[in-house]
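Two complexes, one shared chain (subunit A), two partners (subunit B, subunit C).
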Partner chain A sequence: MMPLEVQNNQSFDLAAIPFEDRKNFRDAVLEELSNGNRMIGLYPIEKTHSEKLIALFAEPDSSMIHIIGGIFDEHNLQFESWANEFPQTNYYECELSENYGYLPLNHPWLRPVRKQNFILGDKPYHFYRMDGEEIHEVAVGPIHAGVIEPGHFRFQCHGELVYNLEINLGYQHRGIEKLLLNSNPLQRIILSESIAGDTVIGHSHAHCNAIENLSNTQVSFRAQVVRSIAEEIERIAMHLSGLGGVANDIGFALVSSSYGRLRTLAINSLALLCGSRFGRGLFIYGGVRFDYTDEIIEETIANLQIIKNDVAVINEYLFSSTGVLTRFENTGIISKESAQQIGMVGLAARSSGLENDARVQFPYGAYRYNPVSLITLSSGDVFARARLRALEIDESLKFINDQLENLPQGEIKTNVENIIAKKGVISITEGWRGEIIHTVFTDEKGNLALYKIKDPSFNNWYGLSLALRRTAISDFPLCNKSFDLSYAGHDL
Partner chain B sequence: MDIEILQGPIAIFVIIGIAPLFAGFINKQKAILTGRIGAPVLQPYYDLLRLFRKETINAKSSSFISQISPLINFIVIIVAAAMLPIGYWKPLISFNGDIILFAYTLGLARFFQILAAMDIGSSFEGMGASREATFALFAEPIFFFTLGSVAFISGLTSIYDIYHSIRLDNISYIVFIIICSISAFILAITECSRMPVDDPNTHLELTMIHEVMILDNSGFDLFLYLYSSYIKLFIYAILEISFFYPFSAKSYLLGIVIFIVGSIILSLTLAIVETITSRFKMKNIPQYLLFATAIGILNLLIYTFTK
Partner chain C sequence: MKEVIKVRILQGDPIVHDVRHAQFPPLYRGLPSIADKPCFDNCRKCVDVCPTSAIELNPVRINLGLCVFCPLCEETCPERIIHFTNDYHLSASFEEQLIVTKETNKITPEKASEKIKKYFGKSLKLRQISAGGCNGCELELNALSNVNFDMGRYGIEFVASPRHADGVVLTGPITKNMTKATDICFEAVPHPKIIILFGACAISGGIFQNSDQIEREFLMKNKIDLFIPGCPPHPLTFINGLLDWLDKKG
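Moving on, here comes the complex of A and B:
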């Protein structure tokens, strides 16, 4: 069967999705996976019609998204699991099972995604555990000693060495997807800004792109450029914060506080534009609320210049210190094969040598005309993840400088048309952490019928689990910070 | 009245009184070095006062060990502090062989702390206790190959006498003493859980060594633990500073001056070390400690054979 092929942000008729029976659907999914395409979604087309399932796949080489539909029997929501051959589908299947009552047969490890006491299949879930005389179990969280988000971590250790880490999340579940369906347009943008507090721009960008393409609204080029500048500033700020975080976790106080100082400069540049240091309130359907004036451009460029100069010195200090290198190198390694198998995305995937960057592979907005470089490193350890942050900061600084110097003329806001009925759109953006996907379908009246969000954390938490295998438990905070995943983005 | 009798009691009060200030001083310098304003120098006193007023809550699973351990820890640390000289003041407890008593009163404090950590049955604290016990094993020889080797050379066994036997008339002896003081500095860093062995400011329960053992303590018990850790830090600071008394003439006043100047220089050194170094990998810490022991052994051998 031929899948429906669409581009990023291209709206399509829902009727164009080919629906097949259970058997053919499974084969089609298998074929997609065997062709090396990455699963990016698996959910029913509507909450009320849970028997109509769609599977989404990303084919980065041709920048295409493949959509496959499958029709199930309402009373027999079972399918043969793909996770044994393709571990990347594991978590999607768990989510499908938890939210819509599907049962993947022969699934290797059916576990709750967000609802901790939920019974999947026929028996209550128990944490994976090891037995043995010198094995001990360490349970951390959901309330932590520091002020961080809630999440429960279970380590199976032999002495200081971790054999397995199981991560249980869901404590931040707010029902964002449902809230988005039942809100008016003004509330929706604010909601999308709150999906993950550290990726305000990334998520609101994906949300606005989706709604604009469902309503055939053309965003002016100037607004698109302002959006991508904001997205890059967010990337710089969060990468600086991440570098400060890893430095802090190894107690490198001097470097850590220097990065912290520079991050303030970056988020202040965002505040110059829109009044919020995190970029809240910048996005609006049809464009942006605030425009760059000459003074703001001048001050932003000055700020970025300071960041550029200082970051060069601090990076040199951080990445040439022997103490730091012994901590960073060969700690928490994810090989390219594992990263590919479990379908990791974004920064963490690029550190393992995977080419995965939506700005390049699924270009959107201003990135279609002003490309950025895709940077990958190969070692997949804490060092690679930290080093890649430093390299991406440089790349983002260059991008922003170029854009600010040649800002296109034009309006920053266009009128938004009504949302067209029975359409669908898949909107991918590259947040600082990785690929953000918002899938939106509309019903007969032009209301939103399906809103699905996939934060990069959804894919990458399992990567953290793998990184911890055969790693000292005392290196966990460092590994965790090098991934710097979002709890809220995962829990939605 | 004879002033000499009062020296001991005054010295111990000075140590107990100044210890939190010393810790606050390090934190302040560290903050300034990293470009922050930082907490006030007197913050440790405020913390202690706050904890002092609070009620203690013990875990349901804990036994009497958890209740007595903080107090034993505190008292034992004070006994150890009473054996240390301040300048040329004679300490309260001083007799031949007190160097052994000193080493093992501190050992006793650690023993009870580890026991109390195991007592609660939390997996974190068990982990912390195991780390503390392992690293203590490696840290103990350092003490005996620094202060112990000075004792061996001088033939004296009382801490006060040992320090005041140091003479600066022989160049190889000076080198010997300087290397001893370097080893003692590594010992101080380890025993007081400072960087790069342990990070006193971390909130990450999985990487802590000392801090994780007192995670379940609260109120007055935590006050005792915290206060004894300040005193312990100051005890090791004094062990280090005392190597430098011979640089002054034997006078009470000069002794005090060296004590104060030494404390300031040492706190600055600690602050700088903590700012510009990163923490070791946990599995590399024993190597670091063995290195300090090896220096001590070599130092003693070289001095003995070249004398």
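Moving on, here comes the complex of A and C:
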């Protein structure tokens, strides 16, 4: 079967998706995975048509997204699991099972995704358990020690060493995908800003791109550039926050508070542009609500210059301290092979040597004309994830400076046309954590019929589990912060 | 050693000294002002665009408990009746205070009781509960402990265990999946204890008010001491609210 091939943000006729029977669908998915393409989605086309399934794959080399469909018997929603051979499909199958009652046969480890303690509808789920002399279990959460979102963690330990960490989420489930279908356009943007409050720009960018392409709305180049600048400021701010976090977790107070001070400067630069420190209110369909004035540009460049100067000195201190390197290096390692197998994305994947950056591989908006460099490191440990943040801050600073100095002229908003019926679009952006995907389909009246969100955290939480294997439990906070994943983005 | 000194010198003096009168960026959206003008021809534009149904008419009233401080009403109103000012003093001690009318020019929470002031006036330890918060509110609460806002200077701090806490700060619309943990956590806080609602989601459900995945019974069962509106509220809104409520100097 030939898959439907589309680009990022290219709208397509829903009728163009090839649908095959269960067996051919399974084989087609296997073929995609065998060709090295990465699964980026597995769900029914509509809530009311749970027997019509689509599987989405990313082929980064050609910047194409492959879509294949399968029709199931609605009384027999079963398929042979792919996860034994390709672990990356594991969690997608769990989600499909939980949301729509599918049964992946021979699935290696069916777990709850957002429900607690139940799989396959109402079957009680038991956490993975290790037995043996001196084996002990540590259970943490949902409420953790800090000011942080809720999630439940179970460690199987022998002494200090962690043998398995199981992560149970769903506490933040607010039903965003359903709300998005039932909301008016003005509410939808606010909702998209609240998918993950630390990735306001990343998610609202993906949302607006999707809706604009479903309605054939052209966004002016100036607006696209303003969007990208905001996205890079968000990246800088959250990378500074992450660096401050890892420094704090090893008790390196001066460095931690210094990164914190610079993060305030970064988010205040967003507030200069749009009034909100997180970029809320900036995005509207057809462009951006606020424009850069000469005054704001001047102040933003001044802020960024301080960040650039100071971060260089602080990085030098952090990454040259023996105590820091002892804690960072060889802690929480994810090998390139593991990262690839479990389908990790974004910052964490790049730290393990995987080339994975939607800005480069699936370019959108201003990144199509003003590329950024894809940076990878190879050691896959806490050090790599911290160091990569430092390197990406430099790259983002350079990008913003270039853009602010050559801001294209023009309008910042255009009129939005009506959403076209029976179309679909897959919108990918690179949030500061990694690949964000919003898939949107419309029905015959032009209303939204499918809204599926994939936050990078959905792929990467399992990476944190793997990173903890054979690692001391006392290193958990450090490993956790080096990934810095979203609970809200996962739970939706 | 040289690097330590270099980093410390760069750090300078970043603290916001005067938390009462801080400089905010011109576009920051704080307390809305409502002009004393009649609406034109039964115009309902602001009500229609408001994403969280925070506005009522005749006369124009904005419920800050619902408001997410997007500027839709301000930019839609043909008579320019609504305008978001830069005033970040928004904390209230009861829900009626959150309703902004044309008479409102300032919101200050009523002072806490003598008993509460005696217990918590010098030292207040808080446990935060994120019950569906998107991490926006959580980031701003974390920012309270950074070198810019340094809430610790007023004796107010976040602690890890509810048993060490004098009260809870709740964020998020309270998801069904967090109801039990929220109850257990609050129960573990020793008496006397306070509840602070931080952000539109916690106060009213905000943009999630119509979700079938939230369950807000916790708020019916317990008395709320302080409401901090915003999406997310600014750290200084929180500090000022607590200082006013506890009758402390800034």
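The rule is simple: the second predicted complex is superposed on the first by the 487 of 492 C-alpha atoms of A that agree within 3 Å, B and C clash if a C-alpha of one lies under 4 Å from a C-alpha of the other, contacts with A are read in each partner's own complex, and residues count from 1 in each chain.
Basically, a contact is a pair of C-beta atoms (placed from the backbone, for glycine too) under 8 Å apart; a residue touches a chain by one contact, two chains touch by 3 or more.
All of these numbers come straight from a predicted model, not from anything done at the bench.
Look at A:Leu186: by the touch rule set out above, it reaches subunit C but stays clear of subunit B. Within the superposed three-chain model, A:Gly197 lies in touch with subunit C and out of touch with subunit B [touch as defined at top]. Of the two partner chains placed around the shared chain by superposition, subunit B is the only one that A:Phe252 touches, whereas subunit C remains out of contact. Touched residues of subunit A, counted separately for subunit B and subunit C, are more numerous for C. Once chain A of one complex is fitted onto chain A of the other, the partner contacts of A:Val140 are limited to subunit B, with no touch recorded for subunit C. Using the contact criterion defined above for the overlaid structures, shared-chain residue A:Pro60 touches neither subunit B nor subunit C, since it reaches no partner. Touch criterion not met for A:Gly446: it reaches neither subunit B nor subunit C. In the superposed model, A:Val313 makes contact with subunit C only, not with subunit B. With both structures placed on the common chain, the touch criterion links A:Pro408 to neither subunit B nor subunit C.
By the touch criterion stated above, A:Pro18 is placed in contact with neither subunit B nor subunit C.
Residues 145-146, 254, 257-258, 261 of subunit A lie in contact with subunit B in one complex and with subunit C in the other. For subunit B in complex with subunit A, the touching residues are 30, 33-36, 123-124, 126-127, 195-196, 199, 201-207, 215, 274-284. Interface residues of subunit C facing subunit A in the complex, by the touch rule stated above, are 3-4, 6-8, 10-11, 14, 24-25, 27-29, 49, 51-52, 68-72, 75, 84, 128-143, 146-148, 158, 160-161, 172-173, 175-178, 181, 185, 201, 206-208, 210-214, 231-232, 234. Those residues of subunit A whose C-beta lies close enough to touch subunit C in the complex are 114, 116, 142-143, 145-150, 170-175, 178-179, 182-184, 186-187, 190-191, 194-198, 200, 241, 254-255, 257-258, 260-261, 263-264, 268, 271-278, 280-281, 289-290, 309-310, 313-314, 316-317, 320, 486-488. For subunit A in complex with subunit B, the touching residues are 136-140, 144-146, 160, 247, 249-254, 256-258, 261, 321, 323-324, 326-327, 331, 472-477.
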